[in-house]
Amino acid sequence: MEKFSVQLFDISKDFEETDSKQMFTAVNNITLDINQGEFFTMLGPSGCGKTTTLRLIAGFEVPTSGRILIQGKDSTGIPPYKRPVHTVFQNYALFPHMTVAQNVAYGLKVKRVPKTEQETRVAEALAMVHLSRLGNRMPAQLSGGEQQRVALARALVNNPEVLLLDEPLGALDLKLRKEMQWELKQLQQKLGITFIYVTHDQEEALTMSDRIAVLSEGNLIQVGTPDEIYNYPNSRFVAAFIGETNFLDVNLDKTEGFKAWCQIGGQTICAEHPDDLPLFPGKAIFAIRPEKIRLFAQNSQVKGEIAISAKITNRTFIGTDIRYVVILNDGQKLTTLTRLNGDAENVHFEIGDKIQVSFLEKDAFILTE
Amino acid sequence: MKLTSVFHLAVVFTLLALMLSACGGAADGEFVILEWAGYESEAYWEPYAEQYPDQPPSYSFFGDDAEAFAKAQSGFEFSVIHPCSSWWQLYVENGLVQPIDTSRLSNFDNLYPDLVALGNFNGQQYFLPWDWGYESMLVRSDLVPEMPTAWADLWDPQYAGHVSIFDSSEVAYVVAALTLDIDPYNASDADSEAIKQKLLELKPNLLNYWVDYTELSQMLAQGDIWIGANAWSDSYAILLDEGVEVEYLQPEEGRLGWVCGFGISANTTGASLDKAYAYLDAVLDTQSMANFGNEYYYGVASEEATKLLDPYIIELMDLEDPVAALNNTFFYQTISEDQRVVIEQIWTEVKAGQ
Amino acid sequence: MKQLKWLGPFYYSLLALFLYLPILFLILFSFNDSVVLTFPLKGFTIRWYQQLLQTPELLAAFRNTLWVAVTSSFFATLLGAMAAIAISRYTFWGKRLFSSVATFPIVIPYLVLGVALLLFFNAIGIPLNLWTVGIGHVVINLPYAMLIIGARLAGFSANLEEASMDLGETYWGTLRRVTIPIIMPSLIAAFLSSFSTSFDEFALTFFLTGTKTTLPIYLYSQLRFPQRLPLAITVAAVVIVISSLLLILSEWLRHWGEKAYKA
Amino acid sequence: MEKKRRVITLLSIPSIWLLLFFVLPFTIMLLFSIRETTFSPIFPPTLSHYIEFLTTPVYLRLLLSSAWIAFVTAVITILLAYPLAYYLIFHGGKHRLALLSFLILPAWTSYLLRVLAWKVILGSNGIINTFLLSLGLIDEGMPIFLYSQSAVIITLVYVWIPYAALPIFSTLERIDIKLIEASQDLGASPLRTFLRVTLPLSTPGLVSAFFFVFIPSLGEWVTPSLVGGADGIMYGNLVQTQFLRGLNWPMGTVMSTVLLLIVSVFTMLFNRHVTMKEMSALA
């Protein structure tokens, strides 16, 4: 068995823009290995090239350059109907002129699977997505969630090696989406096939994926587990796109490999580059996530930690947390999140209060872009 | 990849080739008669129908001689054509018709020799006369304030807006020439210019140009026009039948007279040629000609057939002796191609002018 | 405003009267016992209708018209569908040029088109016949067919076709199993629209017809012959009935098509 | 590649068709315009027919007057068709399309015969005359509105009204009713709303309706020969005459080419302003 389910080598895709006739690069030199049986997510804002990458894997588009291997086989010029991958489309793409059962049976029919086998497999597939009773309905008569399940069943009934999902939950309401996220994950684990999932919803990506690839403007920015992506974003883009991050412009006074020292609010702080890249003196970005910052009253003792004096300028109550915006004495602003857990340390501050800001050096990091 | 494209190209060309071959095939075997609209009734060619019971001729129709000649000249494939005598020479000169072997026609000897002579060119018979008649003014006697008496009265302002003339360059030209006392067949450039001016002067009096005799009859019956110029006798017949008060004028300058007849296309050979002779003999049959004359109030080209015409019609239309009758009319004569171009240009400018 | 409520229906009725008046007259005169169409009417007769069935040339012209209309509509729909699929689903070099050339016949006066085709057929030596008429009709109907079918293709996502190929069907199999069934209402609409155009086309046909004529040309030639006028009118009356049925059918199909795939 | 092959296959037949039966015929037509006479060879080419066309005032005059007839026809047609489309869209209910189709239905019967029927209706003995006579408004039967330029215009308007209503109908249909509500909500009177919102938004439909009436009317020859009378002759009649009567194909071709040029210019203007969507409504 191949180790990798899908491999992309230096894939690029250019489109000609219809109006200006200019070439526009949708996917720029992406190299990726997707493991067997992995729930792999491509995450990024719209227009980042994630859907194009998916369509390249499905075979709907042909890459301008580069190679695609599916199950170890070069599939670069192979048409979609000869690939062992199936797609669940964003708008489901159910055939409007066929019943649910006919839709699900489509792939089997094309492959001339015997009639009786078709029936059993369709029934199984519909049962798997809890739609056994709706086989005779037309797609137009189904709700969005039901259509979603039919699309899933239609792809899965053919036992694909890889299932491609293009924002499959995008059209569903929040509650249904949460439910389907869980179901999809269960299904993937049960079937053990590779899922390549495209979404712009970072939360969805973080909760479902084994690994995430973050894309921006056709470039692959970072690949890693949800934990790596969240805790060690390699760029300002990733840090900003996934979760919330404070960015402060700083000047690196001294560097030592991937370690650097800079001034925040009049204090010298030492932080590292998350990807262990070497740093050099000069301008850089200091980043820290709001929930990593703790606030203390002006006169309390902050032991062993950094303590920077600041002033509260804004305060918002958001249920589980309170969000404060503080201003440091050098004029830079930070957003903080304080969990309301009845902790004794939990002190309520008002706007205008002078306070101290504290965090662990290991929670902060230095980015160069 | 290439195979599919080649395959599709092959399909396209096969289709086209099939279409083209189908066309050629259809045109080859057909027996086509280029004829005046309304002359296709089987009553005029019954003997042919007896000889070829399952192969009736196909017809293509024209509204006037200019159209017929244009069609023939532009390569339209016909077997038999039925133009009028002033055009016959053009067909012969342009090699559009072939000499007729009159010995193959049993009814040939019945035809009036004087009319037959019109179809004889360079000692060979190219056309066979069949029908003849008049062109005159057809007048709603109940509507006109005063009966017109001459072609020149078409210009009389008291009929303004109630005159229609045939939309034919030749006809209009001849009528204008008549009133100006110009010989239309020997007109100088100055004469032509005078004729053009005369025709332009007619415009205020005209309601329209009639293009077919249905339109003419319809307008007269309705009273839209009082005078239909260059009307044929069949319009007269129809209106009399319908009880409309019309008179077929005997203008001072004389009626215009015409003879029309059949010729065989130069390209007709083999089975089609046999059919052409069978058809010609059928239309020349005494009864066929009489049937036609009685329907249309036209004169016919054989004495025997004239005897079978309704005496009322003979009396009404003065159809007893064609030679005498035609001698009393202004008879349409052959016009050369160059002359026709001039006449056509004049007519175009008159119609387009103000 | 309220007192003006009657204005719309009134205006509509007025236009309807304006448009239908000649038709009513034609039907009226088809029962009139006279060869000229004037008032007062002469008397009631159905002999024109009886003559209708005894005029073989007329029936032949009717057959020819049907043949031309069916054949040319078939090809116009077929070619229109191919062009529409290519235009709406693919980008290719010269796409703009192709679509403007393909839609250009819409705005060309039939007179000019007829002349150009006549010269063309003469130049390459094809004698005029029903095929040449049919070719002319395909040329004028192709852009309409393309637009009708294109509108339908634009109405559903290309994802459906991709889904089919994704599930293992080839491109041509996808056309057969997915695309054509979905655009079927528009194919029928394109066919019917071409059919109706072809059925009463005169200006272009006039130039391209040979000895075998279509109904409009036959009627025109008959109009030159006063005794045949009532017959021509009777044909028109019959055609009115047939084309009404066709229109109702096409309307029904369109509604049916719209309803079926509202999703 | 796969896609390329599909495009080639899909386009091959339509392209060959258009080349063979559309582009080529027009090319041949252009070649005829430089021949001396109908059956003379192309070489040596001559521009004499173009010169003759440009130096014969009646041709240009007739072209202008035909353009005028077509223009007036288009304007009147739109003025009559717009209220119809407006009424159907905003007050026609769900049967509006059926109501519009009902008006198109007469167009399916022989045009020649419908015109003939008009001639009976408007003729000296027709119902209108009889009516006017009985009222004593006129004292003799006159063929009103027949055999004149106005007759041509009336007949053309009669033919085009339902077709002109279609593109207007389809643009009006696409106007978001909320825009009209918003305008009225902002205090605009119904008239002002119409002038400032509805009318501008329906311009594409108006423009396409205009050209769809104007262009075919410009090349008309059947209608003027039926009802035009002595004064109502149009440019198209001249072209038709050159081919079918005068057998002067080179001249006819020159005249057709001029017409084609004018139409092309208009089409280019038209393409700039209107999308194909309005056109599809025509079918």
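To keep things simple, chains are lettered A, B, C and D as they appear, and every chain counts its residues starting from 1.
We take it that a contact is a pair of C-beta atoms (placed from the backbone, for glycine too) under 8 Å apart; a residue touches a chain by one contact, two chains touch by 3 or more.
As the structure is a computational prediction, the values presented were derived from the model and not from experiment.
Peer 1: Can you tell me which chain is nearest the middle of the complex, judged by mean CA position?
Peer 2: Taking the mean of all protein C-alpha atoms as reference, the closest chain is C.
Peer 1: When I count C-beta pairs in contact, which pair ends up with more: B-C or C-D?
Peer 2: Between C-D and B-C, contacts are more numerous in C-D.
Peer 1: Once you find the CA centre of subunit A and the CA centre of subunit D, what distance in Å lies between them?
Peer 2: 58
Peer 1: With chain centres defined as C-alpha means, what is the inter-centre distance between subunit B and subunit C in Å?
Peer 2: 34
Peer 1: Measure off the straight-line distance from the CA centroid of subunit C to the CA centroid of subunit D, and report it in whole Å.
Peer 2: Centre-to-centre distance between subunit C and subunit D: 17 Å.
Peer 1: Could you state the distance in Å from the CA-based centre of subunit A to that of subunit B?
Peer 2: 87
Peer 1: Could you list which residues of subunit D touch at least two other chains?
Peer 2: 1-4, 13, 116, 120, 123, 125-126, 243
Peer 1: Enumerate the residues of subunit A that touch no fewer than two other chains.
Peer 2: 79
Peer 1: Hey, what residues on subunit C touch two or more of the other chains?
Peer 2: Residues 37-38, 171, 223.
Peer 1: Any idea which subunit C residues touch subunit D in the complex?
Peer 2: 1, 8, 11-12, 15-16, 18-23, 25-26, 29, 37-39, 78-80, 82-83, 85-86, 90, 92, 98-113, 115-120, 123, 135-136, 138-139, 142, 144-145, 147-148, 150-151, 171, 189-190, 193, 196, 199-200, 202-203, 207, 215-216, 219-220, 223, 232-233, 235-236, 239-240, 243-244, 246-247, 251
Peer 1: For a test of understanding, state which residues of subunit C touch subunit A in their complex under the given definition.
Peer 2: 91, 156-157, 159-160, 162-171, 173, 177-178, 181-182, 260-263
Peer 1: Note which residues of subunit D are touching subunit C in the complex, please.
Peer 2: Listed in rising order, the residues of subunit D that touch subunit C are 2-4, 6-7, 10-11, 13-15, 17-18, 21-26, 28-29, 32, 80, 83-84, 87-88, 91, 97-99, 101-118, 120-121, 123, 125-127, 130, 158, 161-162, 190, 211-212, 215-216, 218-222, 236, 239-240, 243, 249, 252-253, 256, 259-260, 263, 266-267, 270-271, 276-277, 279-280, 282-283.
Peer 1: Within the complex, which stretch of subunit B touches subunit C?
Peer 2: Per the stated touch rule, the residues are 19-20, 22-24, 26-27, 30, 32, 37-38, 40, 56, 58-61, 63, 74-77, 211-215, 217-218, 221-222, 234-235, 238-239, 241-242, 244.
Peer 1: Using the touch definition from the top, list the residues of subunit C that touch subunit B in their complex.
Peer 2: My answer: residues 34-38, 56-57, 122, 126-129, 131-132, 210-213, 221-229.
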